[in-house]
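Labels run A, B, C and D following the written order; every chain starts at residue 1.
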Amino acid sequence: MIMTMVQAINQALAQEMERDDRIIVLGQDVGRDGGVFRTTEGLFDRFGPERVMDTPLSESAIVGASIGMTALGLRPVPEVQFMGFIYPAFNQIVSHVARLRNRTRGRFTVPLTIRTPYGAGVKALEHHSESTEALFCQIPGLTVVVPSSPYDAKGLLIASLRSDDPVIFLEPTKLYRAEKQEVPEEPYEVPLRRAAVVREGKDLTIIAWGAMIPVARQAAAAAQAEGIGAEIVDLRTLSPMDRETFVASVRKTGRALVVHEAPKTCGLGAEIAATIGESALLSLDAPVLRVTGQDITVPLPKSEDLYYPGPERILRAIRRLMEY
Amino acid sequence: MIELFDPLKGERLRVLDETGEAAPGLDPGLPDAELRAIYERMLRTRTADAKALKLQRQGRLGTYPPSRGHEACQVGLASAMGRDDWFFPYFRDLGMYITLGYPLADYYHLWMGNEAGLRTPDGLNIYPIAIPVGSQIPQAVGAGLAAKYRKLRIAVVTTFGDGATSEGDFHEGLNFAGVFRTPNVFVCLNNQFAISVPRARQTAAATIAQKAVAYGFPGVQVDGNDVLAVYAAAREALANARSGQGPTLIEAYTYRMGDHTTSDDAARYRSKEEVQEWERRDPILRFRLYLGKKGLWDEAYEKTVQESAAEFVEKAVAEAEARPAATPEDLFTYTYAAMPPELEAQLAELKAFLGEGRR
Amino acid sequence: MIELFDPLKGERLRVLDETGEAAPGLDPGLPDAELRAIYERMLRTRTADAKALKLQRQGRLGTYPPSRGHEACQVGLASAMGRDDWFFPYFRDLGMYITLGYPLADYYHLWMGNEAGLRTPDGLNIYPIAIPVGSQIPQAVGAGLAAKYRKLRIAVVTTFGDGATSEGDFHEGLNFAGVFRTPNVFVCLNNQFAISVPRARQTAAATIAQKAVAYGFPGVQVDGNDVLAVYAAAREALANARSGQGPTLIEAYTYRMGDHTTSDDAARYRSKEEVQEWERRDPILRFRLYLGKKGLWDEAYEKTVQESAAEFVEKAVAEAEARPAATPEDLFTYTYAAMPPELEAQLAELKAFLGEGRR
Amino acid sequence: MIMTMVQAINQALAQEMERDDRIIVLGQDVGRDGGVFRTTEGLFDRFGPERVMDTPLSESAIVGASIGMTALGLRPVPEVQFMGFIYPAFNQIVSHVARLRNRTRGRFTVPLTIRTPYGAGVKALEHHSESTEALFCQIPGLTVVVPSSPYDAKGLLIASLRSDDPVIFLEPTKLYRAEKQEVPEEPYEVPLRRAAVVREGKDLTIIAWGAMIPVARQAAAAAQAEGIGAEIVDLRTLSPMDRETFVASVRKTGRALVVHEAPKTCGLGAEIAATIGESALLSLDAPVLRVTGQDITVPLPKSEDLYYPGPERILRAIRRLMEY
């Protein structure tokens, strides 16, 4: 069926809930309202209030209670309404979710999937355009996943729901309804921890994820018109990171560009650039560049465009790389 | 008066009944001019709110949380505040802003998507809107601590919804306030919903006011559609705060007449009948009936007030829309007191980029 | 029985007075064998606690939070729990662990600085100790939700100190529990201090038990130095939880006899007199007097119990100290279900490094 | 006077409180007890309970209330008892402290200094050995400072207290009493945003901070014995970062090594390595290496040494760099 990312996510949830009664969806407005983006639409009617729980406005308890559910064998899927509101739950995530397997030497695991919409580009209110994925990528024990298409969204979410590790599943709001795609009806997994080369090219490698993939594609198309072949690696799982795929690509192309929405300093691009420098220094024909959000708070809607990396900024960096 | 209404016994302070009749002994006895001023603020609030919705539909303003139904809470509370008191708002506070004299043009400017609208004019003691629910509450307590330390006889007010009472910050803030007996007035606009989640899902406590028991200070539930009840409770709580008698929690029992925001569709989770039932309790209607009984309201007066409100609002819209767009400098200048080199470089690059004809 | 003692009226459940006399009608009426078992657990707790302090001074165990004075709270509560109930501990819970059958060797192993000691043996429903204060509370509520979902007739117990009640997680957890009527029993060991901060600085509420009012379920204050009072309240709260009647907050009013941890020096912030005053109320002493009155205690019995406790403890120390050190694999294996390449590389590098003769 | 870092911090606080009555110290046990590490010892007796406030056990309110105090012109110095317990306050820090100046276009600033002990190496309990500085370095608006000596601790703290920006002041517990140093009696500032070359060398540059400085010095001394001259840059202010100083050093030496306690992935070393790759690629004779904590949760005391970078691990990396 042709569907949006919202529908793909919804279908993944519904199918896995059907298959596995240990899965419980909980969060603000996930029930009767079907979620503020409608990702949980219809689940309440289908699975009832015990499995699709509207909760109090309490992020720490939403995540904390989810942890406790795993102690008794459940597989909760807490939703945080926007990534900008995940911070009240940060302590539960950093001090418990990420660590429980290790600190109990495997006796207690935390197979939960925290879903949250993320990223800018939809002219939302303050705190609704956050992309602070790097906060989570530096915490050992967490798996951080970002889909960039309806197909991947369904497959990565199913893989996350089946994973025995805790997953932070970040859903780019900008892509929720941006693009429709053929998505298989039956459940399937897109494997975690595997990046994908989503466009081949010989001249340089663009590493990106989520809402930056379509933007990178636009830039790559424009570069093609100038005779530059850009390869695009969609990271998909941001942590633990599939370094091999992008390092191999850079070894081939000799040039690398990381694109992300988050501010530059200490964004995930830093780790990617550092990894390339460590593993492929001698293959590099130019410095690894980063095209990113500015090192400022995401501006309010009127100025969002000044913050957000667009195809022209990427193209500029591509040219700079090629001219180096 | 506050301690006469025990939330644990299900008691609620109400001055005006639905016909606009004042309960003997409870009417705060405001002078006529002030009563009319309150009415005018309520009407301006409603007019400005409706305008914001209209602008949003026209694409001239972004996502917006309407205040309709909250006029008694907001205007009643703000009207009781003094010029030196501080206010820590949440995101549904239009009547507070209007009453406290925040330029409506700035307020619109903000919701049109420009940070400049969040820059409180000098001399007004209003902290910026907190979007992360409940997070302003400990901040308000800190301001209360500072007022105490500086020996200022002022109160610090903060507002929030019923949903906010479930956040850890609500608890930590009120608990701090109790321990340090800060001059705070905590006002919960219990409008029965946090987006789609009904009040009963928010807490098993029969009232929100009774949560004050956990913090060792008074809590009172008032009829939030009765501007005089809100005013009376606020006046007393503010006076207690200013005179060193510590904080108060006020629960204003009301209803969110509109959608949560312009992105919401409340029809998905509540019935028309329920909404109609509350239409009958419209806070403006009720206060109008009261004014009528006092001979302070007639059709001619209504017309003047409406016209003045409309003019007030249109002027603000025009002003807001005439404001210049944010420049790259605006975006980069306020991250630090002095711009670090990395930001300077990014700003220069952005300007070079825009200079290439982009934007 | 719980609802007979209203914390808002300053009432506190106490079965035994300081001479060990049981209040008529309140004694939970335990069989003699169980009474003696409770006494023995209390003594083992105290012995094991004293041993931990000694080991710490000898450098054989790390920073340690002593439990002395909390034996009635811990043993009374755990003795009322059933084998299928779950427990979400905090960091000062030795008597709980001993009563619930957690191997003392593991417990020591943990405080000696090895994660392996946190690995609850299979079949025991004990979550790992939470060090970040209050953070286990929402987790316990989640376990309650799961129990409800799975239709298990079990209760979920969590313990915490008076200090923890100031954390947002206390509030969010209890509020959740109220809304979903989870089978939780929340037990606050109010030992009058959070490190150096006295109880009065923690909250302006007269009691901690009354905080339950904010969440719509019962709260009760019990004498935490009276093991039968703790037992009686816990038994009732556990039964209520298991039978679908929702959560309870129990405040066990007690005193931290020792330092906060071995890194603390309580003499800096409290008087000798205060400590001595509480020595008189020693929970073990009081229960011994009660047993004596019932003819269940004499010097010979005491000697047996002491000897058995000493043996129990020495065996655990020997066992803990005989445990192998953690290997690099132990450290790296449990971060993820399957080790990612980066971790494999780091582990290999660490092993190569150690192989070079370092360590 | 010869003093420890604890004494230097204590003196800085006392002197600035004396000078500026807008400074309020608050937190758990900072009052009568003088702080669990005694950094606030004597302040309660000297300045009274209104300026040295023992608070409830409530990190979010400690930081949140501090924010509110700044609205009325105060300059609070909240203490978080250990960095591992800062997460309950994370929302206040990320969503408010860091942003208020920008979101009010300068009308409200947040001149507070959040002090917290940090880092491993003292055989502490779980959650007491955290060094998650990179979490804060990626948040625009925050200044992150770490001293590595008593002298710097006093000067950097005074500069932080006088700064109009919010500062996260991280105090390496391992150094609190490790070393004594001559510290001037009078108040002085060590400027923020300036790294210091604390050891000169021509062969490679080690970039480190806090408790890693003495360790790096040991390694450098050992390297010297092998004829290798290591330059050491003490970053001191981690954000905004003084990139110029370390880039200049690497341009000179051609080799760079970052040392930090935090796990490798997405640690601050990534940003430093990425910056060097961007700005000094052509000067590099070898990849930028990172010697860091392992990508795992800091282990309990018995195994801490397997986690923590020591001089031998650094020396190994130095040799590897030189042999490249």
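By our rule, contacts are C-beta pairs under 8 Å (C-beta built on N, C-alpha and C of every residue); 3 or more make two chains touch, one makes a residue touch a chain.
It should be emphasised that the depicted structure is a prediction, and the values quoted were computed from it without experimental measurement.
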Taking each chain's C-alpha mean as its centre, the one farthest from chain D: B
Between A-C and C-D, the pair with more C-beta contacts: A-C
Gap in Å, rounded to a whole number, between the CA centres of chain D and chain C: 36
Chain centre separation (chain B, chain D; CA means) in Å: 40
Mean-CA-position distance for chain D and chain A (Å): 30
Residues of chain C whose C-beta touches two or more other chains: 115, 131-132, 166-169, 172, 175, 179, 201-203, 330, 335, 342-343
Chain A residues counted as touching two or more neighbouring chains: 55-56, 58, 60-61, 84, 87-88, 91, 95, 102-103, 126-127, 140-141, 241, 265, 295-297
Sites on chain B touched by chain C in the complex: 8, 166-172, 175, 178-179, 181, 201-206, 210-211, 213-217
Parts of chain C lying in touch with chain D, wherever the complex brings them together: 62-63, 110, 112-115, 131-134, 163-164, 166-169, 194-197, 201-203, 263-264, 268-269, 325-326, 328, 330-332, 335, 342-343, 346, 350, 353-354, 358-359
Contact set on chain A toward chain B in their complex: 28-29, 31-34, 36, 54-61, 84-85, 87-88, 123-128, 264-265, 294-297, 299-307, 312-313, 316
For the chain B and chain D complex, residues of the former touching the latter: 86, 88, 115-116, 118-120, 122, 127-128, 130-132, 135, 137-147, 149-150, 152, 156, 168-169, 172-173, 175-176, 179-180, 330, 333-337, 340-343
Contact set on chain A toward chain C in their complex: 24, 50-51, 53, 55-56, 58, 60-61, 63-74, 76, 88, 91-92, 95-96, 100-109, 140-141, 143, 163-165, 193, 240-241, 243-244
